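In what follows, a single structure is set out as structure tokens and then discussed.
Chain IDs A, B, C and D follow the sequence of writing; residue 1 opens each chain.
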Amino acid sequence: MLAPEPSDNPIGASIANGAQLAVDELNADGGIGGADVEISVKDTKEDPATGRSRYQELTVNEGVDVTTGVFTSEVLLNIMDDIAQQQTLHMTAGAATPEASARVAENYEQYKYHFRTGPTNARHLGQNMVDFVEAKSGDLGWESVAVLVEDYAWTEPVSAVLDEKLGDTGVEVAMSQRYASGTENFGPVYDEVENSGADAAFVAMAHTGTPAVVQWASQQRPFEFGGIHVPMQLPSYYEATDGAVNYGVTQNSATPQSEVTDKTVPFAENYNEEFGSYPVYTGYIAYDAVHQFASVAEEVGSVASDDLVSGLEESSYTGTAGTIEYYGPDDQFAHDVVYEEGKVWPIFMQWQDGNQEVIYPDDLATADYQTPPWV
Amino acid sequence: MSTEPDAAGATGEGTVGYGPDDGVLVIENLTKRFGGLTAVDDLSFAVREREILGFIGPNGAGKSTTFNCVTGRYPPTSGTVWYRGEDVTGESAHEMVNSGLARTFQEFRPLHDRTVVENVAIGLVPDRLFSLAGLRGETGQRAASICRRVGLGDRLELTPDELPHAGLLRLELGRALATDPDMLLVDEPFAGLSGPEVESVSGLLRELRDEGLTLAVVDHNMRGLLSLIDRAVVINFGAKIAEGAPEEIRQDPEVQRAYLGGDL
Amino acid sequence: MGLNLLAVAAVGGAGAPAAILQSGVSNIVVNGLIISALYAVVAIGFTLIFGVGGVLNLAHGASITVGAFGAYYVARVFGMGAWAGLVAGVLVAAAFGAALYLAMIRRMEDEPIMVMILTLVTAVAVEQFVLTVEGSQPKAIPALVGGVTRVAGTNLQHNLVVVFAVSWAIILALFLFVNYTDAGKALIATSMSRKGAALVGIESDRVNLATWVIAGALAGLAGVFLGSFQTAHWAMGRAPLVLSFTIVVLGGVGSIKGSVVGAYLIGFLEVITTRVFDPRLQTLVPLVVLLLVLLVKPEGLFGRELAEA
Amino acid sequence: MSDDTLGEDAAVEQSSPATGRSLPARYVAGLIGLALLAVLPVPSLLGVESVTLFGTVTITFGLSSYQLLQVAGAFYFAMFAMSWDVVSGYTGQISFGHGFFFALGGYTSALLNLTYGVAPLAAIPAGVAVAALGGVVIGVPALRLRGPYLSLVTLVAPQVLLSVFILFSGTFGGELGLSSPDNLLGVGLGNPVLVYYIAFALFVAILAVLLAVTRSSAGAVFTAIREDEDAVAAAGLNPAKFKTFAFVLSAAVGGLAGAVLVHTPVGNPQPSQLLATQVSIEVIIAAILGGMGTIVGAAIGGLIVYLLPEYLNTVEYVVPVLDAPVSEIDFLLFAVIALVLLFVMPGGVLRAALRIARDRLSDRRGEGVAADGGRRARTPVEQVRERWRSAVERTLGRGPDRERRTTDGRRSDGRRADDRDANRGHENGGDTDEH
């Protein structure tokens, strides 16, 4: 289990706790093939070098059968070669870079031990944003958007898809910027957005999301705010930002109240009971990954990596975030979770007075979109 | 070291303008200004082969500045310095040393982190990055013999901080000698020395001259110097006010005015 | 100076529609004025310590973090409001400065290199402590004053106006203190010559302590401001520390006037870089300026003027 | 290794003529240490990592594969620390941003490999060359700048580099770095013993070269520069040449370590490992704690500083007040421990150990402490301190530094220096040697 700062970063904590919950359930249910499941959590500190060292600790030293987790794309890419060398199954739960699956596709025999249980890869994240705009821009009243994307590896495919397809949705792209990683002062960026006259900032943010949304709200910038904003997925985020996140929109795997599948709400409730808070998306994915791994291991009757690989390729498992299937070895996104309506199809939610309300897709919607009052 | 005929003698004293060959070290129209302050003002003089020249002036007269301009600590504002017929104006400190002009520091600058003999040995290190000349074997012996030469033979393994004042002066001389100079600039050697010590150091300097070295000795105080030097140049406010044999200097009215009859 | 900058901005923005251009320019001016005032507050504390104690305080950025989180706790966690947070942030950071001086610096005053190393490690320890306790997610500190006014095509946040006004009030107060009070003159005397100050009966220990307290308070204030219009997080002190170097080197060591001028140069340079050229150059430009000044004119553009400042 | 006593050794060891040419105890200790490091992987090589005696007592020797990898990583870090020591410990030009050189070496080699497919063996020398060039870029300004100003340049240089990396993140991978390039000679995770020995061989080679240089006359000149540049010039030596040489040598060695490191399974071309402020700080702490200006001390300090957090990482104890396990706050603990140690023994662990050992030894021999009292030389830290003070004093116009220096140098008379005012007018102009 590789998680960033599992004791204080909610993303890392969700990975660790989600997996822990799944393991507890498995063991209560007799383990895998009668054997108890042990879990070992290591802290990547969101740092590629540390992540790699911890991965080596898990695989070289502890000889684990499967690894999961990894939130940061850079960390994942940095352990891909070690995964190949160690020939140990890895189920990513957090990092979105399609470069990982590209390597699986290009060099299948070497890299086939990598699967991405979630989230959908970054190209699909971009596609998901386009699909959202296409479906909802009318309801939201977004005629033009300013695309703001943080400059990290995971957003490159997102930007590529947005550049390519956003224009075709009928929404005008008034401005498009990849701002520097580590940006803290969004004043200049927002001034540009204002000057561009866009209705909304359409964002892809993870590492830099908090200062961005806090400054948007506290400065009452005259545009709306939505897209993929990872911290905003955090159920305790309203509290953490002192309400600044109100009216912000983000894509998400699931929310504690959304019935993405039958398992979603029970899992969220169990998690809350056990750990005193609700999980973020990585929690759902890590939980699903452990369960899917267990069911495949039971099925093939082995924890040998090669058996597990073929087992997972065949597997269709309905978890908390949707029905999880993987693209085949020949697909350009080999071993990535399939992005498709009815399988894994993320939701979009808006913060409304402290609640995460689903606004898309319509069948799961719990509320209508609200425009910030100052816009 | 060769003993050339005394070329400077022909030129005579008091003549304006010196040529490159008027002495071992020739300073012509040297001026150094710091901002608005003129520390050295159009100063010219020559140091002849194998003499001991006294370079004298009251406190603040510009002696050390002249010295520092000659030895490359900072470049003169204008003027020329010749050493052995070559224009060496503005050359850096180590280049001057390598061309044969060594100096001591008035305020003593030993390397506090090493012994006496190691302090001297640093002067024996060739100015090359990669050198096989180890510091132990031969170098160590040469350094030790230089220490003995300057009267520190029994204190090789002491650190500078353990040396008395006179010992530090000897150490300065030892380190300068280690660079194998033709000429030595000695900055204020006698200040703070007792009478017998002055005698002893003077003896050492005279011996060095007898071995072929040319010396220029700076002091603001002529007392200890008179028996040592062959000739003196006296400056005040950065300009030369007198030049000649010690006795002439002592009688010179302008020199007496500069010192208000005091220190002479 | 303002005029020159306007000209540069206008050239940079040439070709844009006039209205946008105009709002862009007023934007640059407003943002530059405000951010520069904040930078000046940070840099003055840094330069005072350097001037008076002769040491570089690399924990100055940590003081900013300490101030910001002090304010965060009082304002958010204890729910006592933004202004109480401001006071708390300043006090906590001043206490941090005092503690640093008394526990560590006082014994190392003559060892600038050890001070530099120890303060650097202290800064790391503070960062790591905040990271451990609060995590890596940034925290929002409530704005001192809410609301926005539209001025000359720019949205002017009232919060930033407060930042600007308080910063300038502090700068002017310090200037008057240093020049017209006995305590301030003692400070200058100590910065000129510790020996000399001792001769006229100034206890350099107390002056140094006062300097560290003042510098800590200024950094704390800046931390609260930064936290209130950006966010507070564990590494928030790093960039301001580097900016302080740049400003102090630019403006000359130990000079309040120099720091203010340096801060305005750097502040406007930063704002213009981000608006007119590329926002991603924001961190690079001050660094390059610092290197250039160090290499070309290390005594600063204005030399040392603490003597009369 | 030469065994002369000039230079830094003099401060460490009491050179007693009585010991003659027999190998001093510290060399024996050093060689034993190296020998131990050399045989560390043997048990795991033989597949015997533990033996159970009489069915009850289990003795574990050697290290697990993962621990071997960790020690290999520590070797590279020790090389960084040694490279820092050459320039900062010896010449007193304190570098606050040595990561600049590690990153130049590591990134150059990694980029050549990743982008152009250059084999590691060919890419590494290129990395070394670029790092050495970086040494010139920093070393030449260092000729003009003194004290804190030089340190500011070194502090800022890696940040400029990092900003450039972020600005051109497409090429340099930004804040989080590049992915790992090919392994050197194809030695990867599967062969931890070889990974270990490659690191160990390079470690020993660099240690030997740096010991040779610093124990040669060049080393004596380096320490003399640290002590007094004018005196060095007065000895006919060009301080600028030697300072630049020290910078270039240091940069090249650091670059070499960085370049090889990225081609191992324990290293990555990433800011957090090569360029971050944290790296540069850790190197300083390692060298100072180990004993600045000794090379060996830096090596030992480097090993300890790298392995300490790795050890803390395995500790599962939860710190009560912070409510965080030790393994997650290793760097915080490290910083606090370092702070305390720096405060208690700024002269370094090695020096302290040697001093204690020496005192014990002389006690046993019945020699008085006085035998050693004659060699109370100043530590490099004190020397550098002295230089800085003068640089700061000059900058601040607090009068000529010489006065202080001579006070420390126990000048007996109190006469006023001739021409001082003129000098002062000059020296107040700034902190540089403008001339």
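Everything that follows uses one rule, which is that a residue touches a chain if its C-beta (ideal position, glycine included) is under 8 Å from a C-beta of that chain, and two chains touch if they have at least 3 such contacts.
For clarity, every value in this text was computed on a predicted model and none was experimentally measured.
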### Query
Which chain is in the middle, if each chain's centre is the mean of its C-alpha atoms?
D
### Query
Given the contact rule stated at the top, which pair of chains has the most C-beta pairs in contact?
B-D
### Summary
Separation of the C-alpha centres, chain C versus chain D, in whole Å, is 33
### Message
Please tell me the distance, in whole Å, between the geometric centres of chain A and chain B computed from their C-alpha atoms.
### Response
78
### Query
Counting in whole Å, what is the centre-to-centre distance of chain B and chain D, each centre being its mean C-alpha position?
40
### Query
In chain A, what residues contact two or more other chains?
5, 8, 151, 180, 182
### Shared-contact residues (touching 2 or more other chains) in chain B
none
### Task
Name the residues of chain C that each touch 2 or more other chains.
132, 280, 283
#### Entry: Pairs of chains in contact (touch as defined earlier), listed by label
A-C, A-D, B-D, C-D
### Complex contacts: residues of chain A adjacent to chain D
5-8, 43, 47-50, 52-53, 56-57, 60-61, 72, 74-75, 77-78, 80-82, 85-86, 151-153, 180-182
#### Entry: List of chain A residues in touch with chain C within their complex
5, 8-10, 46, 151, 177, 179-180, 182-189, 191-192, 194-195, 210-211, 214-215, 218-222, 231, 240-242, 244, 374
### chain B contact footprint on chain D (complex, rising order)
2, 4-7, 10-11, 15, 216-218, 220-221, 223-224, 226-228, 230-239, 241-242, 245, 374-378, 383, 402, 405-406, 408-413, 415-423, 425-426, 435
### Query
In their shared complex, at which residues does chain C touch chain A?
20, 23-24, 27, 31, 76, 132, 134-140, 142-143, 146-148, 154-155, 157, 159, 228-231, 233, 236, 239, 271, 274-275, 279-280, 282-283
### Message
With touch defined as at the start, can you tell me which chain B residues reach chain D in the complex?
### Response
34-35, 37, 39, 59-65, 68, 71-75, 92-95, 97-98, 102-115, 118, 121-123, 125-127, 129-131, 133-136, 139, 157-162, 164-165, 175-176, 178-179, 188, 191-192, 220
